[in-house]
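My structure is below; once you've seen it, I'll send some questions.
Chains here go by letter, A, B and C, matching the order in which they are written, and residues are numbered from 1 within each.
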Amino acid sequence: MRAGISLGALLAVALLLAAVGASFAFLDMPLGALFTGSAANEAADFVKRFFPPDTSVDFLAKVAWAALETLAISLLSTLLAVLLAAGLALPAAGRQGWLAGQVARFSLNLLRSVPELVWATLMVLAAGLGPFAGTLALALHTTGVLGRLFAEALENTPAAPAEALVSSGAPALATFLYGTLPLVAPQWLAYALYRWEMNIRMAAILGFVGAGGLGAQLYYSLSLFHEAEASTVILAMLMMAVVVDGVSAWLRRASA
Amino acid sequence: MSTPVRDPAALPRLGWTLLALVLLWPLLRLTDFRPAALFEAGNLQAMGHFLGGFLPPETAPEFLAMLARATVETLAMATAGIALSMLLAVPLGLLMTRSLSISRLGPGRGGWVGQILRGLARGVLAVLRGVPELVWALLFVRVFGLGAAAGVLALGITYGGMLGKVYGEILESTDARPARILLEAGSGRLAALCYGLLPNAAQELVSYTVYRWECAVRASVVMGFVGAGGLGQLMDQSMKMLNGGEAASILATFLVLVLAADGLSGFLRRRLA
Amino acid sequence: MGFSLEGVRLTHANGFHALRGVDLHVAAGERVALIGASGAGKTTLLRVLAASLRPTGGRVRLLGGEPWVDSPRVLRRLRSRIGLVHQSPPIPPRQRVVTAVLAGRLGQWPLWKALASLVLPVDPEGAARELARLDMAERLYARCDRLSGGQLQRVALARVLYQQPELLLADEPVSAMDPALSELTVALLNEEAVRRGVTLVASLHAVDLALRHFPRVVGVKEGAIAFDLPAAEVTEALLRDLYAAEGALPLAGEMPGTPAPGLPPLRCA
């Protein structure tokens, strides 16, 4: 036996394979049927119906508007999340005592653990159908994610500048803005941009549960078996994701 | 003494601030931003009724059995999805790894076949992960009908794209010299991979895969919302019937599941480190 | 007003006794130099005087108030009247010089002014005036991470000058400067203290600077006061005892004045 492969590792691999096998067995996946000739034909037919994408002016205008709405949802929700996350990260990093720290950390975990789409279904109830619900849902989940990252960044930041300001009598908010924020700002910005890239993708999907944006259009088109329209929407989603990635990368470089 | 020079940053700052304010307005309009909507009588009532139903959470035995089944189904979806994604990710990731290219050994810049293949692999991976898993799931539900199969395939495709890209990056960033020496000594690509690259990269590769599994657990919950089975589908049904008690039980299960996956993945990755 | 310490003791979190019963009384307008070997407790003592470290024992009176007895609000107001130049400048690297200097008055400004100044500096003239005294006026809008160590130290000094404290504390304010600039800067601190009639306490590694510029010199050794004398009465024997662990006397230039009879002239180490 080669050195470095221990009994434990072998056991782990065995367990892993067993888990994978059990998963497929439990799900009763028609994997065999997938690779039969008729299934392949069906799939090919299905794919064919997506081409060519619908490029009628009417529909393009509709998609453009929905794309704009999606962009707005992603931007505003990220912005809101940054503000909320900053507010929660300060206590979560242990700056307002132990109790506040625990409460903030618990809230962040809760916000983060509930996925965007679940938040969206809840927010559709709370705020009615439409982009506002989607904005709130994304903002809530993103607050949880960013809050934890922001708090980590705060914990790893040198305290000397803030302490110096405190010892010259500066109030808490001013101390944070002058002594801590300049230190963490680049990292916070990088995290926020990274989440924005994720949120543009999520915002495109929230429409599935009625929370506005491109997703709603995709859902309708597929429900009505207008596959050509659907492929236009999917292309629009891809394009937006690529553009946002580019803008975000540019902003990150410019701010560094 | 002379007055100090004007702040060179003043004008740009003013410009950016104005631009931000000007852009904020259409953002608020486009997203229909009305916090007041949260407090409208109808919405308050719907939400209040729903949240009121949260207590007590549903604990009827047959519902709990259903919940348990859905939970196991969600976990199985995530595991099967990751397993499936490896079928895509491993070959494509390896294809992208330049340190395993034999044609690059010799003089010159390497064969054009290799370069084209690598570019192709990169493009395929980008498309696979560019379309969100939920969209894939929605499409597959049309083909395979409601159920977990659509979710597993969607996960396999999107995560195949993500894992393939990251596998390639990890292998690229590990020390290429051992593999190069092996290739130059005439060994095959597979041997160069196993004895040259993997010893250094294995830990990072496994760690990232475990992390992705954790993400897949979340994702498989969400995919239920478009009919791909598991906890999400159950949640969707309860929400549509405004059954607060069931929704509360599902949410609680779901939180425990996510936190447990989080904890397990963190534990495994620490063990690996 | 000045300050007085009575039996001040300070034990760090790890159990290290950094101050072991310090008695020190300084009247308003006095100028005192702290000298002592590395690790003697100078920084700790200055931070107690800045009301930023709470002693574990003894009594502290600063500018007529008792920082650790009064309410947090009163403590904050007291702190805004004390300025400490830190040993290593505690300035965020990406901050601009003007903002770093103006931050000196955060304790006195209302919150709206602090917020407004982040967007557009509210008093660039004031900041430029203090920087000009340190020959740094042209770097007003530079970013702090583009400055040299000595320049950054001068920005930190300008911040405290801009604060206009009634108790001016400086912890090795010239450690990153060349001898000529050190001389000028220490002179400037003294001139500021005399002009505004405020109390000045500075710790210095260069003994000759301390003896040349300060009327009163306090030697710190192992967390206690070794001697507290007018500059003219500090003998070489005392100094050799103070720096026994370091072997040679730390000097920036020549020893000042006439050495006590019988002693060989000191040379730069």
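The rule is short, and it goes like this: contacts are C-beta pairs under 8 Å (C-beta built on N, C-alpha and C of every residue); 3 or more make two chains touch, one makes a residue touch a chain.
Keep in mind that this is a model prediction, so the values were computed, not measured.
Under the stated contact rule, the graph of chain-to-chain touches is complete, every pair of chains being in contact. The busiest chain interface, judged by C-beta pairs in contact, is A-B.
If each chain is reduced to the average of its C-alpha atoms, the one that sits nearest the average of all protein C-alpha atoms is A.
Spacing of subunit B relative to subunit C, judged by their CA centroids, is 54 angstrom. Our note on geometry: subunit A versus subunit C, Cα centroid distance of 50 Å, whole angstroms. Subunit B has its Cα centroid 9 Å from the Cα centroid of subunit A.
Listing the residues of subunit C that touch subunit B in their complex gives 96, 98, 119-121, 124-125, 127-129, 132, 137, 140-141.
Of all residues in subunit A, only 4, 19-20, 22-24, 26-27, 29-30, 42-43, 46, 68-69, 72-73, 75-76, 109-110, 113-118, 121, 125-128, 130-132, 134-135, 201-202, 204-205, 208-209, 212, 218-219, 222, 234, 237-238, 241-242 touch subunit B in the complex they form. Per the touch definition, subunit B reaches subunit A in the complex via residues 26-28, 30-34, 37-38, 40, 42-43, 46-47, 50, 72-73, 75-77, 79-80, 83, 127, 130-132, 134-135, 138-139, 142-144, 148-149, 152, 199, 218, 221-222, 225-226, 232, 235-236, 239, 251, 254-255, 258-259, 262. Those residues of subunit B whose C-beta lies close enough to touch subunit C in the complex are 1, 3-5, 7-10, 13, 17. Within the complex, the subunit A residues that touch subunit C are 160-161, 163-171, 173-175, 177-180, 182-183, 185-186.
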